[in-house]
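All chains are identified by letter, namely A, B, C and D, in their written order; residue positions are counted from 1 within each chain.
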């Protein structure tokens, strides 16, 4: 697949839904270490709702409308920190792609940049604060570089997914500054951040979907 | 010992206290089967208070005054069913011995008869209802027979204690009609009654104390 | 045992000290903290006393206050108070109009209240008694006198308290209290045991996936132990027994109490009430008054009970009367 | 998991249905049960909204009622409600005088209330925010903005509710709410975990003989886990931290809230209060108002918290105002 159009976007949401359903218990356990164990529940719920919504609206609604609808329903369905932040990400991503009907490498870069910036604004987190931002910011950076070098979508996303995994690994060394994990301070060092893990899952599933 | 005078009565209360302290956990467990597990606590508490009271008053107070004081403090200390019934027993027993300063066989018979009657009136239980009455009524009967035949206190109490054990055995076949055990109905058949067990302990400790 | 306490032997008296420090509306007589009374008895009013074991807060003492009770003899955990203590409370709350005892049907309490009534009689105080026996799981129809008293006594207190506050005579207060008693039914369900401080461990157990319908508030056995069912099914089974004794027809009106036994969150009590309300609705009956929360507990026992009072023209206005006690406030809207 | 529920996914909505069936004083807007509001808003009054996760009853929605709050956005168990729901509540309770949000300092709630305030601003509704951060165990002095909000928010609600009922402006209501917020400190101690219905098992554990001082109401870690000590020693340790931040001198006056986290019997809360009262007494300070019971819970968690509000001439009369909500009634004597 060389670009994601409205039709494929619906399929991508199905992949995300299935992946978060499968990772539900893993994310519950991960969030349970220095959080409140809800992450698996909120992510599986909100992506299930998002898929249902985009599937019901259908490809005719168009790429950006589907992204907006997904963001809106996610904000209603799972208003946890990660739920609201991912929802904000989709809404901002939709805005960034206004007028586009396909996501190629450049659009993917724009999408994830807007996504990361939206999260940073809403959550008031900085890089290095051990959040999802520490994965999505480098992901956007890699995609921007890939776009600049004219890479096709599949290899660009593969590079982004690899960078996401590396970035997640780097969150282990950080100390949580936000949310429920923040009170654990030093104890969070050595652990991968739960929200950053969600970031990796999002990018990897997208990469896998595009690779077919 | 051929009779229990005020001095010995204090010693008898000490024996009762020690015995109920030793049997505390056993009675808790026994009452736990078809009751509320408080019997070991209430009995050990009330006899500890009774001993402290009679020891503080001293033998000079006289036999019946000591019995009355014991009954009164027991009623205050442990107002559970068995606590109030045994307290009533001591108060009625004291009344029956009015004017006496020693308990020989005849007085022991009068004491336990009054004790049993007091319990029957206060608790409105009949013979065969699986209560302490099913031990104390035959105990009084044996003592009355022993007194009639001129037996000394020690062998009379030994006979009473033997009868108490036999009577307790007979409570196993009965169905509880009163108190917390009553709701267990058929399930109480086969179990010895907890209150009747207290009756056996009272008489056996008295017999043991008199035997030396 | 995981409890906030110092010496278990002082559990009740330290709790009472906390209560007196928190609530100056109540005090005690005879230099005995376990003889709890209202600080300002109302002259000329029929006095209402209750009593029973500790471990059931807000039962029993929590209902001493404006338009409810005047005194309470407080026992050890799950143990009756003494006749002596009841007698002291009786003497203080008698304002010349006599005293009504309202308490639950347990041998220990009966024996002691009977003795206290005898002692009060010697003092020339007229005492009447109403003995709560609302627990339908504890004996069959026709043998109601053997039934235990549980959370439904709340309605008896409320009716009697209002009647006394209205200035009615001891005979009338007794009649109305007894009418409330006769019109209330309770059924409980337990999910776990509880720990008596001086014993220190659970006195019985309920299996990890089991419930016991009809278990008493001291852990007395119920009528069936089975696998925990969905909330709606549990309520259906419980209410079927209630409706068998208190038929609910079109236009009938009721007061309902959904009571937590101690360890059950309020969220769950509301899930139970949702179904109770649906069942009354299906019968065309009205739940005119409802209270949901902890009214008669068994320490930290997980579980709940449902009490239902059938209203009539006499009971309805009594249940509606505002009440203010340290543990329970009811503002008439 | 031993709970009264049907499908865990319906836990919150069925609970809410029970609440609406029981308490006609509250209703909901936007056809969404999770947007709870007073049935009869007072014209011209500053509206006060709160919101937060479920599982904490009577927090948060239980304080919607006369002289307290006007609306509450209700989240899933331990989850924030959505910005959308907060916005709907805001629109309904705004009576032209603006709306104050009072909620606890949790990232999810902040993010959503911020978004809701933006949406309300677009509608031309003025919104102010006061974010409760009373839990002294959750961050050190100097970093108070990082502290969690727990049971002490009760006093913020009470002060703000009274100020709004007195007809004060949004700025004044906000100022007084913020003053209450700045003057309240809470410290908690947990003895056990709790079970989120959709998770189905305890999310953390506390050893059989352990306690954790400072644990949050979602199980967030506290400041020390150690062997359960006698009640007096536990209170001494907790109150030492409170007194370090809210000095109590001769003649100073306080309001105190002893709050059960869900599974702890009231008896034990009174044993805790006994000691709290002794400590104030020893300092010559007065506990002028006290509430003891369940005010902010964590499902069936065993444990308690102590909240202390330092009174002054402005806060005192606000705390004294009578209140009547479905979950909390306070009758001024």
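As a working rule, a residue touches a chain if its C-beta (ideal position, glycine included) is under 8 Å from a C-beta of that chain, and two chains touch if they have at least 3 such contacts.
In this text the structure is predicted, and so the values were computed from the model without any measurement.
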Going by the touch criterion stated earlier, list every chain that contacts subunit A and also contacts subunit B.
none
Touch-network distance, subunit B to subunit D, counted in steps
2
Distance-maximising chain from subunit C - centres being C-alpha averages:
A
State, to the nearest whole Å, the distance from the C-alpha centre of subunit A to the C-alpha centre of subunit C.
55
Inter-centroid spacing, subunit D versus subunit A (mean Cα positions, whole Å)
33
Please tell me the distance, in whole Å, between the geometric centres of subunit C and subunit D computed from their C-alpha atoms.
29
Is the chain-to-chain touch network here best called a line, a ring, a star, complete, or other?
line
Which chains touch? The pairs are A-D, B-C, C-D
Note which residues of subunit C are touching subunit D in the complex, please.
2-7, 11-12, 14-19, 21-22, 25, 54-55, 57-58, 191-192, 208-209, 211, 228, 230-232, 234, 262-274, 277, 287, 290, 292-294, 297, 299-300, 302, 304, 324, 327, 329-331, 333
With touch defined as at the start, can you tell me which subunit B residues reach subunit C in the complex?
28, 32, 36-38, 41-42, 75-81, 83-85, 122-123, 178-180, 182-184
Can you name the residues of subunit D that touch subunit A in the complex?
75, 78-85, 106-108, 111-112, 114-115, 138-139, 146, 148, 196, 198-199, 203-204, 216, 218-221
